[in-house]
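Shared chain: chain A. Partners: chain B in the first complex, chain C in the second.
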Partner chain A sequence: MSEVMQSPAGIESRRRDWASLMDPSDRTLAIWLLAPTVVLLLLIIVYPVGRLVFTSFYNLSLTSGLPAQYVGFENFELMLEDPVFWDALWNTVLITIITVPGALLVGLGLALLANLPFRHRWPVRLALLVPWALPLAFVGLIFAWFFHSQYGVVNDVLARFGGPRIIWFNSPQWAFTAICLAIIWKTSSFVGLILLAGLQTIPRSLYEAADVDGAGRLRQFFEITLPLLRPAIVVALIFRTITALQTFDIPYTMTRGGPGTTTATLAMYIHQNTVSFLDLGYGSALAVAMFVLSMGVTVIYLRIMGRGH
Partner chain B sequence: MANLFTGMPLRLIAAAVLLVNGLFPVLWLVLTSLKSETELTRVPITWLPDRATIANYVDAFSDQPLHIFLLNSFAVAILSTIATLLVSTFAAYALARLQLRFRALILSVIIAVSTFPLVTLLVPLFETMRALNLLNTYTALVLPYTVLSLPVCTLVLVSFFDGIPRDLENAAMVDGCTRLGALFKIVVPLAGPGVFTAAILAFVNAWDEFLLALSFNANPQIRTLPVGITLYQGEFAFPWPVISAALVAGIVPLAILIVIFQERVVSGLTAGGMKG
Partner chain C sequence: MASVKLEGIRKSYGAVEVVKGIDLEVADKEFVVLVGPSGCGKSTTLRMIAGLESITGGTLVIGDRKVNALPPRERDVAMVFQDYALYPHKTVYENMAFGLKVRNHPREEIASRVAQAAETLGIGHLLDRKPSQLSGGQRQRVAMGRAIVRRPQIFLFDEPLSNLDAKLRGQVRTEIKKLHQDISATIIYVTHDQVEAMTLADRIVVMRDGEIEQLGTPDEVYNEPATMFVANFIGAPAMNFLSATVSGGHARLAEGGRVSLGTLADNLAEGTEVKVGIRPEHFLEKAKPDCAVTGIVQVVEPLGADTLIHFAVGNEAMTARVAPQTRPAPGTRLTLGCDPERIHIFDPASERALRRRRPENRAAAIAVGA
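Moving on, here comes the complex of A and B:
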C-alpha cells in the first residue's frame, strides 16, 4: 500500500505531498467507490446463483401453489431422462460448433476486406457496425422474412438461378440451416471488428520484408497475419462461444423452436419451464446445467489467456 | 503483381461485398415496409416497391402501442445507462488511481462477470422479481441491464482514466479540491470520450436485450420494443408489412447513434469488446 507509483525523481516532493494528502483516506475511499459494484454483483449475480442452486434441489412449481419441497437430486434425474432436454442441449451444442467457426471464418474475411486501403473508411465501418448493433430479436424476424417460402428473397434468388423452392420452416434441417445462417450473419461483423483492430496492429514493415524475401501473398497470410492475429482470434472465439451457448433470441423469433421442438435450444427450454410452466425447480436444474457448461468454457478461456501472456 | 492486388478494382469489389453484406438486410426491410400488402403477396416478388406507401407505418403505430414500446425501451435503456455510468465510473476510478492490493483480482472478477451466462439468472431473478412484486416494472430490467453492461463499461473507463495525467488532479487537490471533486471536475470531463463510449455500449446492450424483457415484462404497457414487435405476429399470421415498419422504427434510433458515433463505438468495442 505504501509504495505509491513509480515516478521520476524530479516530482518526488510533489508525490510525497500528494501521498500524505491522500494516503490515509485512500483505503476508505476505495471501499466506498467499489461498494456500488460489489452490492450490485452480490444482488444480481451472487445471490441469484445461490438461489438457483438451492431451488434446483426443490420441487417448486408456482402453478401448484404448494410450498417448496426438498427433493434432493430428483430434478437432475428428471433432466437426464428428459428427451427434450437432450434435444435442446444437442441443438445448443450444434449451433455453437457450427456458428462459432462459421462467424470466425466470415468475420476474418470481412476484416481482411475492410483492412484494404480505402479512401473513405466510414462506409465500411458502418457496414460492420449495423449487424452488430441490431437486436438479435430483430435479426431473427428479418431472416424469418428472408426465408419465407413464398415471398422470401432467398427463394426468389434461388429461383432465378434455377434452384428449388425450399419450404424452410417445415423441415427441421432447413429451419436449423436458416437459424445458423442468421446467427453467422449477425455475429460475424462483431468478430470482423475485433479482428480488424488486430490486423491494424500488424506493422506494414513485416509484409515489406516478406515481399523483399519473395514470400507470396498466401505464405505471408499464414506466416505473418494468422500468427499475429492469434490473440484477437482467441478473444473473439471465446466471447462468441459463450454467447452461442446462450442462443435464444434468433431461434425464438424465427421458429419458436419448431417444427415441434426440433430447433429449440437449452435457453429456450429454460425460458419455457420457468415463464410458461412456472416450474422453477426444474427450470433451475436446467439453468445449473447451462451454468456448468458456460463455466467450463470460461475456465478453458482463462487457461488459454493465461498461457498467452 | 503485388500492385494488381491492391489496385482499384479489388477495393471496389471489397467495398461492394462489405456494404451488401452489412446493409442489405436492413435495406430489404425498408423496401418491404414501403410495399402494400397486395404487392408483398405477389409471386414472383418485386424488389423495388411499385408504389411506395407509408400505410404500414400508420398501421404499425395503430395496431399495437408502438409509441409506448419505444418509450419503454428509451426509459429502460437511459435509466440503466445512467446507473451503469455512475457505478462503473466509481469502480474504474478506484481501479485506475487508488493503490489497491487486490486490483488484479478485482479486474479478473469483472472480466469473469462479463462471461457470465445471463440466461441462468432468468430463473432466480424471475422468482425474486415475482416475490418482490417487481414484474412489469422498469426496475426489473434496469437492475440486470446495469450489471450486464458494468464489466465492459468499467474496462473501457479504466483504460481511459489510465491515459489522463495524474498531475492535473494532484494540482487540483493541492488547491483544496477533494478527491471526489477532482474525479468529477477534472477526470470525468477529460475522459469524456471514454464516458461517452461506455454510455453508447450500455445503451445498445439495453436496447437489444430480449430474454429478460420477454420474461419479466409481459404487460403491454411496459413491454420494450423487441418484445413488443414479436407480438405483432398472431397465432398463424405474420403481418410482415406492419412488422417491417415497426422494425424500421426500432432501428432508426440505433442507426442515428452508430452513424454519428461510429468511431467511438469501434474503439469501445475493441477496448473491452464483449457482445456478440
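Moving on, here comes the complex of A and C:
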C-alpha cells in the first residue's frame, strides 16, 4: 500500500506535467502533431537500422542452432577477407558507374524529346512512363529473353546483319553488358521524368531571349538548359545512385549472379547470406557496409548540391 | 539604326487569323508604340518583327533587307521582354555580355560596352549580382542594358513595364524616354497602357482585332480619333458618348441638352442619328448657349488636383473632370457646358468619326483635287 502511495509533491508535479501537455501552446501543439511521425519513423527506420547494426556484432546463424553470441567486429573482419564480398562490391560499383551516367544520358535525351511541342503530348509521356511502371523482376525476365542465345531478338538482329551469335550469359563480360543495358532501359525513364519536370520549369522566354541574342540551339543547350537543369540532375543522380547501389532484381532474374559470381551484386550476396544461408550475423554486417556506402554517396551529392546554391 | 517596313503582314494559327494585314513604316530613330486591348495582335506583330513568330503573309523589311525568312539572330534586333527573361544563373554582367559573347566580340570591347551601358542605366554597382538579388526595377534596367550593349538596328519592347508597380512604372517610363533621346534608336514598343503610348510615342498605332484602327502622333490620336474605339481607348477617363439627332445645326441629345455642330452640320441631313463624344476634361462648369448637357449626379470622386463627377444623362453614364472645389451632391441635377470646337461626332452605325472640316484638311483636299 505504501509503495503505491505517493508524496503530495510527486502528485503535484505529475499534475503539472499533464497540465503542460494539455496546454495548447505552440510548443506543446508542435510536439503532439509531430509525435505520430516520430513514432512511425522510430518504428520503421530507426529500430530496424539499429537492430541491423546490433545483429552485425553477433554470431547469429539459424542453421547452427546455437544461441546468438557477441563477437565484436569478427563479422566485419570476415567480410574484409571474403573475396566474394569484394567481387560483389566491385560488380555493384561497376554497375553504378556504368548505369547511372548511362541512364542520365538516355533519360536526358528522352526528356528533351518529350519536351518537344508535340501536338499530342500524352502518348509520348505515356511511353516515357511505361518502363518505369514495370516491375524490376519483370524487366529482368524480358531482357533475359531478349538476350537468349537461341530465341532472343538481340541475336536474331545480330545474325541478320551478319554478326556473331553471342551466348550472352556464358561470358562474364557479355552477361554484365546485358544486365547494364536492361538496367539503363528500365531506369532512364524515371530519370527522364525527373528531368522533364525540370525542363518544364525553364521559361520559354529565356530561349527567345537567347534566340534574339544570337545563340544557336547547341549554345542554348549548354548555356541555358544544362545549368538550369542542374538541380533536377542532382536529384535524379541521388535517387539513381542509391538504387543502383542496391541493384538486385534485374541481375537476379537474368543471371542469378552467374557465370560463377561474376555478375553478383552486394544486394544479391546479402540476400544469399541471410535468406539462403540464414547467416543473419554476417548478412547484417554486409548490409551495414551497404548502408554506409549509400549514406556516403548521398552526403557527397548533397554537399555538391549545397555548393550549387 | 534603321527603318522597319511592314507590308500586309498577316499571322494565322490554323484557321484563326490574329493579325489581318498590317501596313506600317517606322522611320529611322522613330519611337512607335503599338497599343490596344489584349488579343488585338500587337504582341504577335512585335514577335513577328523579332522573328520569334513566323510570318504567314506579307513582307517585312528591316533597313533594306527583306527579313521574312531570317532567324532572330540575323535580323539584328534586340528585345526587352515582359518578364525580363534574364538568365537566372548568370550575373548581371554575364547577362548583358551574352549577346556580344555569342557574336564573338573581343573581351575588352564587351567589357567597355557593358560598363558604358551600365553607367547609362545606373546599374554599375549591380554587375556581380544574380537576377534573383535584384528588385523588379533593377531587373528591368538589366533587361534594357542587355539590349543596349548589342547596339542593334531596332529595339523591340514587349510590355516592359507591366510587371512593375505604378510608381516604378512612371519612373522607368521616363527613363525609357530619356534613353531614346540619348541613344536615338529606332524603337517599337508594345503596351496596353494608353498613358505609356501617349507619353513615349512619336507615333501611336492603335490596334483592334488584328488590324490598325488608327495611326498618328499622340496629339492626332487624342484630338482627332478616327473611330469610337480609338476615342474610347485613348484618354483616361474614357471619352463620353451621347446619342443625339441632328436638328437645326445642333445635335439634340435624346435627353437633357443640345450641342452646336458648327460647320459639321453642313454635311449632315436633318434628323440624322449621331453619337456625340465629349472628353471628361472638356466639360465646362457653366452651361453655354451652344453646348449644354444635363444629368443627375451619381458619384463624386475628389482626386486632389481635380474632381471627377459621374453623372447620368438618361441611361448614358458620363464622367466629367472639373475643378477640385466643385463638389455637387449626389442626386442633384447638374448642367455642364462644353466648347463645341472640342466635341467629336461619330456615325453610330460605322462608329467612324464625322470629320470637322479644318483649314489644313481643306488645303489637303484642294491639293489632292488639283
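Note that in this section the second predicted complex is superposed on the first by the 270 of 309 C-alpha atoms of A that agree within 3 Å, B and C clash if a C-alpha of one lies under 4 Å from a C-alpha of the other, contacts with A are read in each partner's own complex, and residues count from 1 in each chain.
Keep this in mind: a contact is a pair of C-beta atoms (placed from the backbone, for glycine too) under 8 Å apart; a residue touches a chain by one contact, two chains touch by 3 or more.
The structure displayed is predicted, hence computed values, not measured ones.
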Original post:
Putting chain B and chain C on the same copy of chain A, do they fit or clash?
Top reply: fit
Original post:
Is A:L134 in contact with chain B, with chain C, with both, or with neither (first, second, both, neither)?
Top reply: first
Original post:
Per the overlay, which chain contacts more chain A residues, chain B or chain C?
Top reply: B
Original post:
Of the two partner chains, chain B (first) and chain C (second), which one does A:R303 touch, if any: first, second, both, or neither?
Top reply: neither
**OP:** Scan A:R219 for contacts with chain B and chain C and give back first, second, both or neither.
**Re:** second
Original post:
Should A:P227 be classified as contacting the first partner (chain B), the second (chain C), both, or neither?
Top reply: second
**OP:** Go through the superposed model and pick first if A:S205 touches only chain B, second if only chain C, both, or neither.
**Re:** second
**OP:** Please provide the least distance in Å between a C-alpha atom of chain B and a C-alpha atom of chain C in the combined superposition.
**Re:** 7
Original post:
Hey, what residues of chain A end up touching chain B and chain C alike?
Top reply: 211
**OP:** Name, in rising order, each residue of chain A that touches chain C in their complex.
**Re:** 203, 205-206, 208-216, 219, 223-224, 227-228
Original post:
What residues of chain C sit close enough to touch chain A in their complex?
Top reply: 50-52, 71-73, 77-79, 81-83, 85-89, 98-99, 102-103, 146, 150
Subject >> Touching residues (chain side chain A, partner chain B) in the complex >> reply: 1, 3-5, 11, 14, 17-18, 21-22, 25-26, 29-30, 32-34, 36-37, 40-41, 43-45, 47-49, 51-52, 55, 62, 103, 110, 113-114, 116-118, 122-139, 141-146, 148, 150-153, 156, 159, 185, 187, 189-191, 193-194, 197, 211, 217, 235, 238-240, 242-243, 245-246, 248-249, 252-253, 266-267, 270-271, 274-275, 280, 283-284, 287-288, 290-291, 294, 297-298, 301-302
Subject >> Parts of chain B lying in touch with chain A, wherever the complex brings them together >> reply: 2, 5-6, 10-11, 14-15, 17-19, 21-23, 25-26, 28-29, 32, 40-41, 43-45, 86-88, 90-91, 93-94, 98-101, 106, 109-110, 112-113, 115-128, 130, 143-144, 146-147, 150, 154, 166-167, 170, 173-174, 179-180, 204, 207-211, 214-215, 225-227, 229-230, 238, 240, 243-244, 247, 250-251, 254-255, 257-259, 262-263, 265-266, 269-270, 273-276
